[in-house]
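In the two assemblies presented below, chain A is common to both, partnered first by chain B and then by chain C.
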Partner chain A sequence: MKNKSTAIFAALALSASALTVVSMSPAANAAGGITLNAKAVGPAPAIAGTKKGGTLNYTGKSDVNHLDPTRCYDTFCMNIGRLLWRTLTAIQTDGNGKQTLVGDLASDVGTASKDSKTWVFKLRSGVKWQDGTDVTCEDLKYGISRTWDIEGSNVLTSGTEYPVNYIENKTAYKGPYTTPTGDLSGVVCGKSGSVETITFKLTQSAGDFNFQTTMPNYAAVKKSKDTGATYDDNVFSNGPYKIESRIKKDKSFFVKNTYWDTKTDPIRLQNVDRIDMLLGQDSVNTNNLYIEDTGRATNGMVNGPLTQNVPLIYDSEYDGLKLRFENRGYYGKGPYVEWLAINVQKVTDLNLRKAIQCALNKESLRATAGGKSTGDYTNSVVPVEFGYPAYTVCTDNPKGDLAKAKTFMSKVKKNTELVFAYSNATTDAENGALSIQSSLAKAGIKVKIKPIDSTDYYTLLETQSKDTPDLMLYAWGFDWPNSSTIFPPLFASDLVGKDTVGENKSRVQDKALDAIMNKALAESNATKQTALWVQADQYVSNTIAAVVPLWQLKTLLWKGSNVGSVYNSISNSFDWATVYLKNPTK
Partner chain B sequence: MFNYFIKRVIASIVLLFAVIFVTFGLFMAVPADPARLSCGKTCSEETKIGIRHAMEIDIPFSEQYKRFVKGLFVDRIYNQGSTVARTCEAPCLGFSFRTDENVTDLLQRRAPVTFSLALGASILWLTGGVLFGMLSALKRGKLVDKLVQSVALFGSSLQIYLIGWVLSLYLVIRNNILPTPAYVSPFESITSWAGGMLLPWITLAFISMSGYARLTRSGMLETLSEDYVRTARSNGLTKSRVYFRHTLRGAITPIITIFGLDLGGLLGGAVITESTFGLKGVGRLSLEAVYELDLPIIIGTVIFGAFFIIVANLIVDMLYAVLDPKVRISK
Partner chain C sequence: MSAIASNPGVIDESKENLSLTQIAFLRFRRDKAAIFALGFVGVFVFLAVTANVFGWITHQDPYLFNEDVINLDNGGTPIGKFGGISSMHWFGVEPGTGRDLFMRFVHGARTSLIIAFASTIGTILLGTFIGLIAGYFGGLIEKVVGRVIDFILTFPFLLFVIAATPVLENSLERFGIEQSPTFRIITIISIFVFFGWTGTARLVRGQVLSLKEREFIDAARVAGASKWHIIFKEILPNLSGPILVISTLALPSYVTAEAVLSYLNVGVIAPTPSWGATVLRSTPYFEANPTYMLIPAVSLTLLVLSFNLFGDGIRDAFDPKGQK
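Now for the complex of A and B:
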């Protein structure tokens, strides 16, 4: 079974057959500032001012990559897809932006065994498909099993691999197309009295598995409606909307699913009558449309920023950019953090890495990226909303500390020239490279800057070759708001192979760090788990100096003046699940 | 003449296959990996190997090319023998790496948009360019002539995306004078079709018209100075008959030649115009495919474009022989 993390969890793995479930306790996790509600029921929390009716528009350049939940792994497809499919658990956003983990297809947030390797969820009754039939446990199991197609026919590309990495597969199941009569042993449907249940047997402890089940892989799919590669355009809905028609990269129309019942859904509302998506539109024209707030734009949503600077104006008090029309957008913290990754396999001297941390002038670097508008300084790779205690990485002075840098440099045994690689897609990137080169040079650190074609850039970062750079910029956003989707995917040793390193751009292979991460992943107590992640955070930044944390990136979103919505910090968008029109007749 | 035509057709077919071969080869030379792009955020090496196999790009180049060419004439079966084998009917251009759509179907859907754009814009620029060029030639040296030449110079130095955005902002977004550019099939509604294409037609025609105006002007000036034109006027023929039937006829040959080539190129896809106005034509499709390293679509759009350019060259060559008796006699 393909399992990237098998090696690092070997110390904790128990034979599944020898496991005795001593006690099951309701999952008491909280992560990233999100609390849990094990008893949430529909309807979703009301938002003040909500009205029903009207057509919501979307105008944009790019279409959703994949509406098929098994293939969906970006926020855009999750935002739109959530209107069509429901996952086992989900994160509810209320009218004030407060977020809570609740059951979606589940009626609870799961109960974990003591070692967090067995999880049981009760399923909600009354959830229906768009043809009026019930959504069953078998539908959910089938939906989850589709992820295994990456071990089989590879028709369903692009999604996450979480289920394959965590759920037991004792029968060498390879997905429903390659092993159509096979069974995924780690997912078992059952009953507890009259209530359907679903049980997961995991290959490794997962203290926050009920957050993993918010991923699209954990959506139900009705087997008789699965059309394989073309399911993308024919998603069979159990959400508040269904597809009326869809031409990829051209237009899509969604209408109400009349079998969706608000009483069964604590996440979504069914406010608008219709959603009209027009794709492949020119960015400048779309931006002008939104600035003028005319035509489609008045009732319109967008996905992410349009052309960056046009809707922003300079605010001299703030000494940065702010939104030009504040009632029509959001310009604030987003969920992504950016840092300078140091390749520890090549920059082996800890003193040199610490010197880099001290010497880097973040202020000058940020200025090349747009100044204050880019983001707020941070000393961590974790978003500030997680609430971890603040700490210092060399200095809190964004200009750096040259004196400390020189002190570290005096202990460096061999000062070789370092290579900083950057994508040549924009002139900002080149200016950023020059800024890094110049600020490190002041401490005596020699840096050669190397532009890389944008189509090759990410391949270069993740492959092991003689051209692998010593320094590179990187950014990351969590899959769900917990450090379990930040540290292991970025710093686990077993990601570093002979040919590729996955997302471990710093090429970190540290047993002590692995041990902290393993322990955190297995810990189901929220407070203890958080303490371990805090430890991991400071270890990466201070103990091994594998990164120079830079800033938490700002996000810019537009919407039409007639659109009412709440900012959802996890999807980094306005919340499509509860959007409404202020005047539905417009 | 017939032999000449046959030879030209055979040469055109050979040229088309050479273009396909070169495009295939260029794609293979690109270091980026389409499987990696298809894979998503996290992607193990085993997954990429599986995707390359499903895309049939893990076989040698010569075999890939052979299967592709065969598929143009005979139905092609992808992943033959597996539980997910699928048939691609001839002429098979494959399935998109990104969206799994049949490329032939995609082109069939997108082609009417490009044809509509090309048809309307070309009629506008040809008639407009010729009329203004004639006017300019007949009023040589006068204010009208200077105005037409200045506007022509201005138009030819503009970029489509600039004039497109400006016209969009003032005519559509701010003042609702023209409808939002969009393609509606003429079989659904002829008025919506024309309305939706009007702004792209005007934009493309304005920029292209300038070249034709200048070409017509210089051709007309040359022909107006010919003896036979003076003879026709002195024989009492009306001005309109002289200018349109005799003078223009003499000047039109090079214009038709250029028009044929321009139209052929446009039928292959007006990338910038389609992108500026959000029209989902073949040109836009080819641009997206290049960004996404979607080889089947790249090859499909290259064949599509090359076909029309080669056919246009062929027609222009034949038309030239028809229009110009001197060429006909020499052939």
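Now for the complex of A and C:
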């Protein structure tokens, strides 16, 4: 999934990962250290020290992109959105950071057919909307069906398309706005005795489908409350909080949803009375509040510290948090990996791409992003927890290897000037751009750096136009711990269209790679599947040199001293679902 | 043929038949503050002009990243006190990149002065020409120019520059001119001149109106001089005083304007050094590393102050009674 500040130095919004070593089983059990609990019930696991009451706040520059679950696909909206919507299954995080897959709207974790193409989930009873009405299977089916509208780019935009890629659609359904009387054939509501069930008919085997259903696309939406494109601001809640008022990019207030019943919810707690979000705030000022722990900061959640403040919270010699931040900060590995994407459609000479891989000075680039605390060097786009065999991309020296770079350059037929685009939102981004320009220049590669307004930046990376850059920074995190959520979403050739490329920023269209990926997706044997992903990994980095892997991002987080919360590696930040105030009267 | 001094009662040191310029020079020499200011200005100009020589002496480069002088593990903070000041790096180094701040300082001076001088020259040339034409020919030309000037002056300068810069660049991109640091400098100078000529034109027009009625002009007309000869050979030389004053007051305002634009991140483009841009980048580091901001901020203040004092000195030298 996209990091909230993808492709820009994620020192701004990093978080720790509590994930342990992952095993690559696509089967329904034990995906990557996360166990399954088919019988989970509410309330969510108690966290020591929890108190009830008070107002939690958030202060930041950017607002949540989309609160509409169908359109939500970054960690920020997923973390906050969970207060408002519940998905079919979800990952529960307890007070020690242990993660378990449980049913959220479902009461179990689903049962698969032998070929993993049919899945049946039982639904919980007693889950209610903010007006007291029951959440029904129809509501869930309606919520899922809205993804088909995004696929056709009609009313809704953004979000992922997992449901469209996996669920059967025999009636050419095009979403609830274009085909309002249509029916999504792959999702069937039924009853098993007195319990509601939902059955999914898939177009391909998916041993980890019950992990896919943790995605926000699988949230319920009540049809009568769906306001289409403006649902973003009017989300109708079935979670512990509901929207009291919301002015996008300015202020949002959430209050308790009195119809939410803790006994039906194994993920969330309802501790604070009120949540107050203030957006459009200057980052330097906000950071200063958090350094001093005054004003809004004391009861506040916030993004990570700005690079220049990193030395205040992080001790590089000890490689950990400074003493005064120990109880209100977090530092550890995150699930995201950052790399420099090379646009293979424009930079067609493999020798030039390999030269770039050799010439890039990762150490200097990392320093502009904050240094050691930004991340650990890697030669792959896959997190180290997956346990894939290590390999070298040109050199293991983070300063790069100029001699090798020059050797490749001597074989390059046409040395054109390359364009590196970056978002001009921060000075770090500019320094990073200058660092790339200067290190590549030493090998004779000419790079022009182009600042882009932050609001247009992602669109530029995603669309095909004459301004499409040759080089760009990008970061990615798995949606759940399997390379099936890394390689296909990033490198499948069918993503590259005439107008957009989705997440395939390198514009890779390689039949051999597609073949490896498809084989892996269909392979149900864990060991064989892993071996195929390992092949794909080395293919992307070395055979076609579509990326220059940089580092696995670390998380550095801070919060107010009065806020109690746990990390959540999936949302990559302090968890909002179980947050509380240590002293609610403050 | 130069005109006779216009203030016959104020000839210094009993020397007669001195030109106005020569008299002004003598007066200026006695103004201590102005000489001091000129000295400062001289220092800055010297630094800017010889920037490359400094690079040769210190072996530093304003664009080169120096990884060994910053703490690569920890936010790229400079190693050492006062932001990394050392014998190699006289003003310290820039956090995150390790670029030498002294080199960025002298090259920044060069950027500011190039933009300021070019804009001033452009302003003076355009403004004087239009002012001369409007003043001498009068009539419809004068009226039209007057209205155009009024119209341009209604735009709030800074706001317009901030808005116009990207728009201008985008339109020119359509003609195939790519955005680049050099091009941005040209854009800035163009916009400054577009606004600046108006003040000069008005002043010059006023001067021309009064000069136009003088006897020496009638004499020249009677002698059969063409209009252009009168404008450029008779009137223009008498404007040297006011023009010099305008120039020395315009320069600091352009230096300030460029610094403000760079501070707002709509001025010069990376990696062009600029004092305003340095002030912008140094703001978040102020508590940890005050020298980073103090050096360009204080220098900007001194530069603008010196130019202003110098300009005042020039103006007083040409016209101590302050009549014009």
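Everything below uses one rule, namely that the second predicted complex is superposed on the first by the 340 of 586 C-alpha atoms of A that agree within 3 Å, B and C clash if a C-alpha of one lies under 4 Å from a C-alpha of the other, contacts with A are read in each partner's own complex, and residues count from 1 in each chain.
Everything below uses one rule, namely that a residue touches a chain if its C-beta (ideal position, glycine included) is under 8 Å from a C-beta of that chain, and two chains touch if they have at least 3 such contacts.
As the structure is a prediction and not an experimental result, all values here were calculated from the model.
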Partner chain in contact with A:284 - chain B first, chain C second, else both or neither: both
Touched partner set for A:177, first chain B, second chain C, both or neither: first
Partner chain(s) touched by A:154 [first = chain B, second = chain C, both, neither]: first
Chain B versus chain C as contact partner of A:53, first or second or both or neither: neither
Larger contact residue set on chain A - chain B or chain C: B
Interface residues of chain A shared between complexes with chain B and chain C: 284
Touching residues (chain side chain A, partner chain B) in the complex: 2, 4, 65, 71, 73-74, 150-151, 153-155, 157-161, 177-178, 180, 228-230, 232, 247-250, 278, 280-282, 284-285, 288-289, 292, 294-296, 455-456, 459, 489, 497, 499-500, 502-503
Parts of chain B lying in touch with chain A, wherever the complex brings them together: 30-33, 36, 38-47, 50-51, 53-54, 79, 82-84, 98-101, 109, 161, 165, 168-169, 172-174, 176, 180, 275-278, 280, 284, 288, 293
Residues of chain C defined as touching chain A within the complex: 63-65, 67, 70-77, 95-98, 179-180, 265, 269-271, 280-281, 283-285, 288
Complex contacts: residues of chain A adjacent to chain C: 284, 306-308, 310-311, 314, 316, 361, 363-364, 366-368, 370-373, 399, 424, 427-428, 430-431, 433-435, 437-439, 448-451
